[in-house]
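Take a look at the structures below.
In the two assemblies presented below, chain A is common to both, partnered first by chain B and then by chain C.
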Partner chain A sequence: MRTTLPLILSFLIGMFMLGEFFVPHWRYQMVKGFILEFGTLLASAAFLLGIINLIQVNLPKIKNREKDWGYKALMLGSMVITIIVGLAEGSHRMQAYELATVQGSPTEEIQEIEVDESLKIMALSTPEGSEMPAVAIEVSLPLQADQEGIKLAPDADPRFKLTRRKIPLNNIDKETSGGTQDNQIIQYTLTGNKSIEQIEVLESGGASTLMMPRNRPSIRKTIAYKWIFDRIFIPLSATMFALLAFYIASAAFRAFRARNLEATILLAAACIVMLAQVPIGEQLPFIGDYLAQFKEWILDTPNVAATRAIYIGGALGAISTGLRIVLGIERSHLGGD
Partner chain B sequence: MLKWLIKIQEMDRRWIFLGMALAIVIPLLFPFNQDFNDDPKVIDIYEEIESLPAGSPILVSADFDPSSMPELWPFFRANLHHMFASDIKPVFVTLWPTAQPLILPEIQKIAALYEKEEGKDYVYLGYKEGKELVIKNIGQNIPQQYPKDYRGVPVSEIPLMTGLNQAKDFPLIIGVTAGFPGLNEYILQIQGQYDLKIVGACTAVSGTGYIPFYKSGQLKGLSIGIPGSAQYERMVSHKKGVEPFKEMGKSGLNVLSMSHLFIIMLILLGNVAYFISKRVEER
Partner chain C sequence: MMTCFLYCFFVLFISVGQAAKPLDQSLRAPTNLKVSAPTNDGGTRLKIQWEMPRKWSFYIMDGDRIVGVVDHDKRAFDFKGNIEDVDFPDEESRLEAQKSATQELSNRLKVLWVDPSKLPTIVNASDIERSGQLLTHKIELDPKGKIKWSIPSDSFRLSLYRLEMPAGHTCEESDVNCLEKGKWKVIKSNIKGATREYIDTVTDNPRKKPPEERYWYKMGVFPAGPASTESGKLYEELLVSSMESEIVSGKPHASWVKKASGIYLLFALILAVGILMFHYTRKARSGAKMAIRRIPGIDAIEEGIGRATEMGKPVLYVPGIDSLEDIQTIASMLVLGEISKTIAEYQADVIVSCCIPIVREVADEVVKAGFYRAGHPDAFDPTSVRFISSEQFAFCAGTNGIMYRQKPATNIYLGRFFAESLILAETGYVNRAIQIAGTAEASQLPFFIAACDYTLIGEELFAVSAYLSGDPRLVSSLKASDVIKLVIVALLAIGVCVIGFGFKDFLTWFNYS
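Up next, the complex of A and B:
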């Protein structure tokens, strides 16, 4: 019974789903949809199973202080914290934008601002006292000139303030752009009141992001789940993938040797595709265009031929394996012998 | 001389790591302009979206994670600008749990730039686990798979979702894919069955695997890796009505150029040292 019932179920459901392509009747399609729903439920349950399995495998190792038990404890602890935080914050857990302290972002010099223009900015705003997550707003701040330079017009949005200071030219990189008066650069800083964070300049006659003041105090509660994702998961995930580049370079140096004809062809094809895939290869004098065309030929002809062969072979194998599972010939998924 | 040639071949890999690090960091610190041509596969994506009348819905499946952001994020952002500027009504879904926190804030931020209203001009249905089963259900019955959007609003009450019950109700599907499940599964599960029009962006490592689908017409357009994203970004940024945005693909192209040149140089160096040392040994 232990293996018979799953085999019967596999056969019935498998044959039913195969019939989907041959039976267009709406009742058949309705039942198929119902089965697919169960499938997504099972897939979601598999997540839970994975968590339980992770705990079952690692907790004894932590208890027995086996090798690297500290890392396993860290992994389980991180998982538990993230789950608790996510559940506690509910549907708001991912709606929040930036939070905590807005440190001074890398400063960029402001280019000259035409007096007749306004500063078009986008900012994140939450009305004071509100518990809602910040929303993006677009604001146009009219400007006017005076003897010192540029400032906000009196009718500008009162939530914003534009301050300025002069920086001697010898203190900054002379190649950065900016309006100069008497060997100085005027640096503008746009800040907002308590309800504003993360200002980004969209349009100002060529100006880019304004300098943010350093050590700006935190002005609203931290959305922890988003913080965990933005400050821990994203950098770690990106770092792990970035490591690949270095190992690929090392492997390419050691493994790509033209020891025989096949290796030479592989090597040559790899180098041509790598070179032609980037603009530098396309722009090479005399051979750039030919290189690009040859790269396209490599990708469009031998690559497509080989990939199609692999896909067809894989599909035939999948059909064969699927039929074996549906017909009960293949039983490895049931466990045991 | 043989000693030096052997030393080169057995070079400590930390020197290679250092060289690679410089090839990556220097172009980021000192960016340079490179002219590049537009791939016809990427032009096709742009033209497909341009050919849609204003108000058309598009299904966008954003399936990537932070590790594939350098390649796909520029495309995704540019695509948001393109759709909102063209008054296209996107319906977003994702099959990867790590994509939701990335894409949702960006969708809301860029939608706000174009004064688009959630529910009327765009919808984010959320993340569902189930991989190919979800895709199959998207093909057959979207409200059954997504009875509510991510906010908990029933799909039947969302104005934009009126009449959009199956994948074939969308004139175009865009897949931004970093792996499984993604474009490949959309093609396998529902493209042929419902004769859907699908375009997509993918990482460079999986790009060669999608070219056969483009050649056979199963994919109507394809953007591969950073070059594809940079080309698409440039096309979109030149379109009238698009709010200015920073083209991130260009700086990625600089890094790509330098790192590719470095790897090619390493391969050539290794082979030259190998052949010369082989000759010297034979003598």
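Up next, the complex of A and C:
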């Protein structure tokens, strides 16, 4: 019974979830949604167990003054502070997230909008004919849009101020700016009364875009949580990520030592690609143009071929692993042979 | 002497002057409005299609020569102009020559709107000049020779309305009077003039039955501008300046089975893997020998555990940073079961560093079960499976800390990794641990290959648990996927040949939407 029930459950739920690819009916999707929500609930509950595990692992080490116990104390202390602040300001943060789901766009160019907690509004354009539904909005901010851009509404409260700033596109990720080919986008910043800290509206691709939440958010009360996130967590994460540059250099140094034929081919390919990526590569006499073409060939032909082979093999491996579990052939995760 | 290519086109805006007759700008409502349920839909969407009354062709003329014809819904044409190889003494004279060439081209180039029904069967330039209307709008040439233009009718926009009925009211298709009870709502405004269909999701929740049986639609056409660009406008306000289409209705239809050739193929693939697995499992049970090629990376796992035992140091196991839904994490958990059994047999220590809490819970059970299977349940240390952090780089920092403090002799990274892969692997390298990595994440493989002693590439990750267990039933599943791989390689070869011979429909067999 210890393994039979999990096996039956694995089979039933596994087969049901597999059916999702083949059955589009809303009733089927409803049951699937229920199962997924159940999974989300379990995963959320596991967070609590994760915290307990953190305490179980680290608290004894602090008590026993083991090596680097101070770091562990700092980590547990930070966790406690963040939890307290998060719980205290949680309802306000939830309000801000809720706002992020009820917005829309007045133009057909922009249909998907993300509003983060600080209300920086980012718009992603969707190709014409996309199946993504448009969301009509209720204009509640004192702005209006026309072909020339975004302006303050004539009846706007005089305390509101709208500023316009051009940002060169090379400073912004093209993806997040809707992949526009223009060399700049226009950023609007609305400053207003106490309930609106700052709302930024991005305009790109020549289309006026105006995005806004339905209600004026009151995010001022989430300052402590945001401060922890923006001033401590993000810089620390960025620091870790930045270390990658040095690790790449040391790993590349080892990988590019021409010890055998394969390593020599790797070295040659890497030199060509690196040289063609930088401006000096194009300026090289005689080979400049060929170098760029050869780089494209390396990236588009052998590289893509190998990557696809890995993906195809991986997909087949995934199918067979999935079937092994669903059909009960693989049982090691259940603790039995 | 500088040799340059003189290109006849680069970005410019030219107004091709002297308008003959102005283009008809009057608004006309869409016609032939049709509402249908999209194929393979769950019963929550409706497809609305329409036509615009005008149809025309664009003729592109270089002087008195017709250089191209495009349909009414196109606004671009690839113009292959002349490229002359000319020598110039300096950059200034090249630019001068380019300017005059552009001027010359702009004087010659024309785009004419023509109603095809007014043309004779055999068309010549004079017919076009006589029946066509010269486009007076901006024409743009890009450096690759593509001409783009817009026409006044592009300046109209369409709006789509849906009838919102009061709760409990439904209207039958024949009962048009019933429509008065409902209220029209703008569901999509600012639709471009060239658009001919829109898919409307009739319910907010695609996992619930749509609130109404039948949905009614109509469309309006507006001049482009502020009036039609504000989505928040009320239907009544928009109505003032619109022309409207007929009212049509449709019912959503929920399909139980998706019908697409790609879906059938996917089903066949899964079925084939399943049948082959059963076939090889039966063969294995009857005593047939299941051979599997040696994979050095997997063999090294046991060596690594032995090394850790000899050195009296732990084995560090990282199951990636993705959640439990990911198949790579699931495969990693299966491998962890086998590895923890071996570790328990060797009486070594293991540290499992987890990024996702639910993965930690499963890993905890799996390691416990591994120690149990090895006959050493008492050797299991509950703090050996650790939750570090669910944030990528915090997890990375925490795991690096374990490597620096506890100096594991062997690091095993199996699962799905992202940017942290190299940070982890390089830290392990600096600590002189034997490192075995495996992932199906192609972008991270080069990092693991550079920094680890052994790397399991793609599918090898999914073969580890079967390989380690040596169970013929599990090995048989590898056989099944190998057979399918052969079929796929054959299909690829066939596909290359077939498409090479021009049979492009071959690709549609794989369409799954």
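Observations
We adopt the following convention: the second predicted complex is superposed on the first by the 184 of 337 C-alpha atoms of A that agree within 3 Å, B and C clash if a C-alpha of one lies under 4 Å from a C-alpha of the other, contacts with A are read in each partner's own complex, and residues count from 1 in each chain.
Operating definition for what follows: contacts are C-beta pairs under 8 Å (C-beta built on N, C-alpha and C of every residue); 3 or more make two chains touch, one makes a residue touch a chain.
From a predicted model like this one, the values you see are computed outputs, not experimental measurements.
When the shared chain is aligned, no partner comes close enough to touch A:Thr3: not chain B, not chain C. Touch criterion met: A:Phe21 reaches chain B and chain C at once. When the two complexes are overlaid on their common chain A, residue A:Ile234 makes contact with chain B while staying clear of chain C.
Applying the stated contact rule after C-alpha superposition, one finds that A:Leu275 touches chain B and leaves chain C untouched. Once the two complexes are overlaid on the shared chain, A:Val304 sits against chain B while remaining clear of chain C. Comparing chain B with chain C, the partner in contact with more residues of chain A is C. Contacts of A:Ala258 after superposition: chain B is touched, whereas chain C is not reached.
Of the two partner chains, chain B and chain C are each touched by A:Gln29.
Of the two partner chains, chain B and chain C are each touched by A:Ile248.
When the shared chain is aligned, chain B comes close enough to touch A:Glu37, but chain C does not.
On chain A, the patch touched by chain B and the patch touched by chain C overlap at residues 21, 29, 32-33, 39, 43, 47, 136-138, 233, 237, 240-241, 248, 250, 252, 254, 307, 311. Residues 18, 21-30, 32-33, 39, 42-43, 46-47, 49-51, 53-54, 56-57, 60, 67-68, 71, 104-108, 128-129, 131, 133-134, 136-139, 144-147, 208, 233, 236-237, 240-241, 243-244, 247-248, 250-252, 254-255, 307, 309-314, 316-325, 327, 329-330, 332-337 of chain A are the ones touching chain C in the complex.
By the touch rule above, chain B contacts chain A in their complex via residues 11, 13, 16-17, 19-21, 24, 34-37, 65-70, 98, 100-102, 104-105, 108-109, 112-113, 128-131, 133-134, 136-137, 140-141, 144-145, 150-152, 193, 204, 208-209, 211-212, 215, 227, 243-244, 253, 256-257, 259-264, 266-271, 274-275. Of all residues in chain C, only 40-45, 185-192, 195, 197, 199-201, 206-209, 225-226, 229-232, 254-258, 263, 266-267, 269-270, 273-274, 277, 281, 323-325, 327-328, 330-331, 333-334, 337-338, 356-358, 360-362, 365-366, 368-370, 372-373, 382-383, 385-387, 390-394, 396-397, 401, 405, 419, 422-423, 425-426, 440, 442, 445-447, 449-451, 457-463, 465-466, 469, 471, 473-474, 477-478, 480-481, 484-485, 488 touch chain A in the complex they form.
Residues 21, 29, 32-33, 36-37, 39-40, 43-44, 47, 91, 94-95, 97, 122, 135-138, 202-203, 226, 229-230, 233-235, 237-238, 240-242, 245-246, 248-250, 252-254, 256-258, 267, 270-271, 274-275, 277-283, 292, 299-300, 303-304, 307-308, 311 of chain A are the ones touching chain B in the complex.
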